[in-house]
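Supplied in structure tokens, the structure appears directly below.
Letters are used for the chains, namely A, B, C and D, taken in the order the chains are written, and counting of residues starts over at 1 for each.
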Amino acid sequence: MTMGFAVIGAGTWGQSHAKVYAEHPDARLMWVCDTYLERARQVAALHEAQAFTNDYREALADPAVDAVSVATPDFAHSEIVIAAARAGKHVLCEKPLATTEAECLAMIEAAKKAGVKLMTGFHNRFSPPVFQAKQALQDGELGDVLYIYYRLSDTIFVPTKMLSWAARSSVLWFIGSHVIDTCCWLIGKPVRRVHGLSRSRVLKGMGIDTPDFYSSTLEFEGGAVAVMENCWVLPETLPTIVDVKAEIVGTNGAIFMDTSSHRTIQKYTQHKGSYPDVLVNYQVHGKSMGFGNECIRHFVDCVTQDRTPLATGEDGLRAARIVLAIEEAVRRGAPVDMPA
Amino acid sequence: MTMGFAVIGAGTWGQSHAKVYAEHPDARLMWVCDTYLERARQVAALHEAQAFTNDYREALADPAVDAVSVATPDFAHSEIVIAAARAGKHVLCEKPLATTEAECLAMIEAAKKAGVKLMTGFHNRFSPPVFQAKQALQDGELGDVLYIYYRLSDTIFVPTKMLSWAARSSVLWFIGSHVIDTCCWLIGKPVRRVHGLSRSRVLKGMGIDTPDFYSSTLEFEGGAVAVMENCWVLPETLPTIVDVKAEIVGTNGAIFMDTSSHRTIQKYTQHKGSYPDVLVNYQVHGKSMGFGNECIRHFVDCVTQDRTPLATGEDGLRAARIVLAIEEAVRRGAPVDMPA
Amino acid sequence: MTMGFAVIGAGTWGQSHAKVYAEHPDARLMWVCDTYLERARQVAALHEAQAFTNDYREALADPAVDAVSVATPDFAHSEIVIAAARAGKHVLCEKPLATTEAECLAMIEAAKKAGVKLMTGFHNRFSPPVFQAKQALQDGELGDVLYIYYRLSDTIFVPTKMLSWAARSSVLWFIGSHVIDTCCWLIGKPVRRVHGLSRSRVLKGMGIDTPDFYSSTLEFEGGAVAVMENCWVLPETLPTIVDVKAEIVGTNGAIFMDTSSHRTIQKYTQHKGSYPDVLVNYQVHGKSMGFGNECIRHFVDCVTQDRTPLATGEDGLRAARIVLAIEEAVRRGAPVDMPA
Amino acid sequence: MTMGFAVIGAGTWGQSHAKVYAEHPDARLMWVCDTYLERARQVAALHEAQAFTNDYREALADPAVDAVSVATPDFAHSEIVIAAARAGKHVLCEKPLATTEAECLAMIEAAKKAGVKLMTGFHNRFSPPVFQAKQALQDGELGDVLYIYYRLSDTIFVPTKMLSWAARSSVLWFIGSHVIDTCCWLIGKPVRRVHGLSRSRVLKGMGIDTPDFYSSTLEFEGGAVAVMENCWVLPETLPTIVDVKAEIVGTNGAIFMDTSSHRTIQKYTQHKGSYPDVLVNYQVHGKSMGFGNECIRHFVDCVTQDRTPLATGEDGLRAARIVLAIEEAVRRGAPVDMPA
């Protein structure tokens, strides 16, 4: 059954949402919305959307729209998601779901009340290596998790050139929330205690008031530990914009992942060396590929086949609560317990 | 438009064909055929095929079948492909198309006469890193190709344990044909001269009369060179069954690929260390992923949307001619020119 | 000037000390001492020492001995070092210097009183990549250190098969002390606060009462942070016995190190895959090579040329104090401040 | 016994020779000679040589000189080496020994007549990973060699900016000779047949008349094959100036080497990413380290202890003959047999 989709927020990821909807046999791309009308227009034209606007309420008012993607800045999710839910649209919201607990709860409540699906865009759950790790854990190949080390960092390009609103988010919200969800999903138990520290120096010195990095520790029920590292000031000379390393040590085995500098392909031109993306979001013969896009396809399938998304609003809430607890631990300089 | 597909040969790759057909919204999996009836039955049951048989002519006689995959041993392609074409079915034939020029020509002729599509399963053209390389070349980022080094080898597991018919093929036919097609596709010019050498020692000593390895050189019109390495006796202690390395050196840049030991993920259990596949043929949440499967999906799209496959019967013929010329060079101990 | 050296403790590293002394043009290997007399005899014979014994006091009584290496188990350093100092011998003591503060202080005091050199075997300071990192920091290429992530772990082989006395040490003492010294040396400022956590499960379940891993955080004066990871239960299927990864993020640049699985050389035999050591302790044409041996050569040079060792007893004391503070933080479940 | 050494040719490697002689306890650095007097002066001053000159005959006339290093351009070895031998000096000549067979023979003859040692600077024989490979072969861990793939290439920096005389040498002479010697040393049998091809385009287009790359094949007595790749036009954006990959496939095992992009250490500054050398020629605490320097130390040991160098003039001759045969094969476009 073909259904109608709208995209709200047509930045980097919003454009991917639009392209996936345009390609999917079961989806029609109805609207592209962006506060920059010209960008909305261009993205709509590129993917042959039915319409575009700089007022998302237009899209929500359209009865041909069954579901929407919300890919606006981190701090601008809740109002739109709640309005979409109230308009009876299923919602795929980019991570983090929101940056306060109250917003997350209101979003979940709105979706529940409206009887619509609310998915959080934790695309790592669709990552081939992360999924293989999940499967190895489920199959018992590694025994129980003793600890995870997970690094997800960006070069300084991201908070200084890619995002205009970095100071209103943080590396912990922006990508740390991915790591939190991934660790929670892999370990499958609640977090009981967190600790963290951060430092503000480089970005602050550039007038962007957000920490340079966070080092955070999650203690799970049952004893498993996750050590997270999230940095926003890696040098731009790195061959990738992102640096991802993970290690899962179990009682019977271990998995090591490197999803950024694995060098499946290295390209050296006259101007620079880079490792083209062949994992997250790329194209082959014009078709959207990569697990970032699989995540969006999953939402289409959930909507058209009436299935529950793999990552729900509750998962978004959980990650937000953990971020907030880490921030509290940073302030206190001491570990913070999380309620059972 | 949904169309009917049959799979002939239900080994490793045939099973992937069946799964892709079963999953594709535009395809129905009608038949699974295998000389081992029990295997046909099991694969059919797993993917909910309509029927199974050990006589592929049954499937060809079924008017509900629009297209077939031929995934039988290398030497057993032509008869089936020709019969399928004559029955008016589109054909996706696994590589190598056939192991004689006459067979290839007859297969192409039969398809042409019947007005059906004939695709050769050169799935590397769908490989994310190979495609990125192709695009970098098309975009002029590397200048003109000076040379390519391409290694595609298997551990000794493949010719001794996986294939019962290794002595009726060779590492050059079995995987070298992939490399040949990839180099031809990347360089985009005809091969004018080839040279090669091989040695027969380890496998021959085990009673499997096929060379241990080939080292081959292709000289293209315009001067580009491709050096190929194909070995079938790598130790089984390698963390992957396959070893793939490629290097493309252009007048203005270079690309390096490692699609086997890139270590995107490493898994160490109590018993062994391995690098799980996250590129060619794997599953995420039960869904067929990887470029091997994208290649099969492409065939579905070509059939249902009446498009020309990216890799045709002619491409299969070209690769076969080059393999045959390399074999001739090995016999002669001297380079062999190829007709313009 | 040629001087006399003795080795006390002829295990893995003690044998390297003996070989380096035997090779060095300025050193004569006088004694090899080990509680297992037969091992002392064999090592002495191999490296043509003048004598061997199971009572180290014999070696200390020999006036031809100018300096000794103490390479006994972690807990058995102080008594011997103090006796050696009192006998007027210079001492190279393997890390950790000792496992209590009182012992470290007594060792330093004894050396000071006797006017002999006391070196702690922190060989990482001689590691080519670590030294390059140190130099890049000194040259200002990276700006100031924001944080370091340093992993140094062993497979479970080490605490279960290599060391008989693992339960009397810990992964934090045994190799964590290396990381502590390296981070302190790289950052060049005092540690003001530490935090840590550990878990005891796998080894304890095997009857070896020592934690499986420690995750520790060092906060330095000035704001730099070091996150350490030390695990003793990695699977034995890893291609190396040790897993070392480090990352140094500065305000202007970053360094990444992998000194265990860099794959400079990979060896696959019929039985296993391994990455032979080409960095720490290996031989080329029969000669001791690697930074572990350079560290010992440095001691010879310090003794024969009357120079101060690069890593002193005070450095050993500093590392021990930090280990003890981490252990305290683990017990408390809260960060521990360190005196200025 | 301390002996006197002179260095003739004070470029990149000549400076390393000077430094090693200056550091070695058994050597005194007497002279530094370079056609650029100022460079000779500077290098002499840096390493506290006794004297410097732009006329190497001065050094040869000095009776305090026992041995000399010849590190002049490839084409300028023979005259100096022969003069040195006639003056009774032992000689360490950088590779290639010479670029004609007649010169090589005359050099060997001169050394023999004078009773002096003649060593060719094939430093790969001292490379830790290459030595480990040699040892694995000698220990039978890999069985017999089936084939070797060996890539040794430079970025275009080398022939265009580092060497003023690239057009008077070639990538095959300059670094291919290293590969040839390494393969011959590893396999331990004579070469019976060679083939090769090269292309001249990029460098020629820049006015430097030397091939961009060579692809060469060596067939050894007994059947082993070595495929060599030597390129001089890799992009300068590579993180290292050199690209080295090797693979040794035996009847029972395999070894893979990457001695350039192993990423033991990666350094990213604001300006570029690079992989600092920790293998060939680097310093730790001011001391010359790396196998390039070990090779020079070996020469000191051979001279002072009257031992035969590991790589002799005959080894240099062998490599030169093979280069010449490859050049002949390139011209002919057909394999060339080598006399038994």
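Basically, contacts are C-beta pairs under 8 Å (C-beta built on N, C-alpha and C of every residue); 3 or more make two chains touch, one makes a residue touch a chain.
Just so you know, these numbers come straight off a predicted model, no measurement behind them.
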item	value
B-C compared against A-B, more contacting pairs	A-B
Longest centre-to-centre distance from chain B, chain (CA-based)	C
Whole-Å gap between the CA centroids of chain A and chain B	36
Whole-Å gap between the CA centroids of chain A and chain C	42
Cα-centroid distance, chain B relative to chain C, in whole angstrom	52
Multi-partner residues of chain A (each touching 2 or more other chains)	234-235, 237-238, 252-254, 268-270
Interfacial residue positions of chain C with respect to chain B in the complex	234-239, 268-273
Chain A-facing residues of chain C, complex	146-147, 149, 151, 195, 197, 199, 201-202, 212-213, 215, 217, 219, 223, 225, 227, 229, 231, 233-235, 237-238, 245, 247, 249, 251-254, 333-335
Chain B-touching residues of chain A, taken from the complex the two chains share	25-26, 126, 128-129, 131-133, 136, 141-142, 252-259, 262-270, 276, 278-279, 282, 284-285, 289, 291, 294, 298, 310
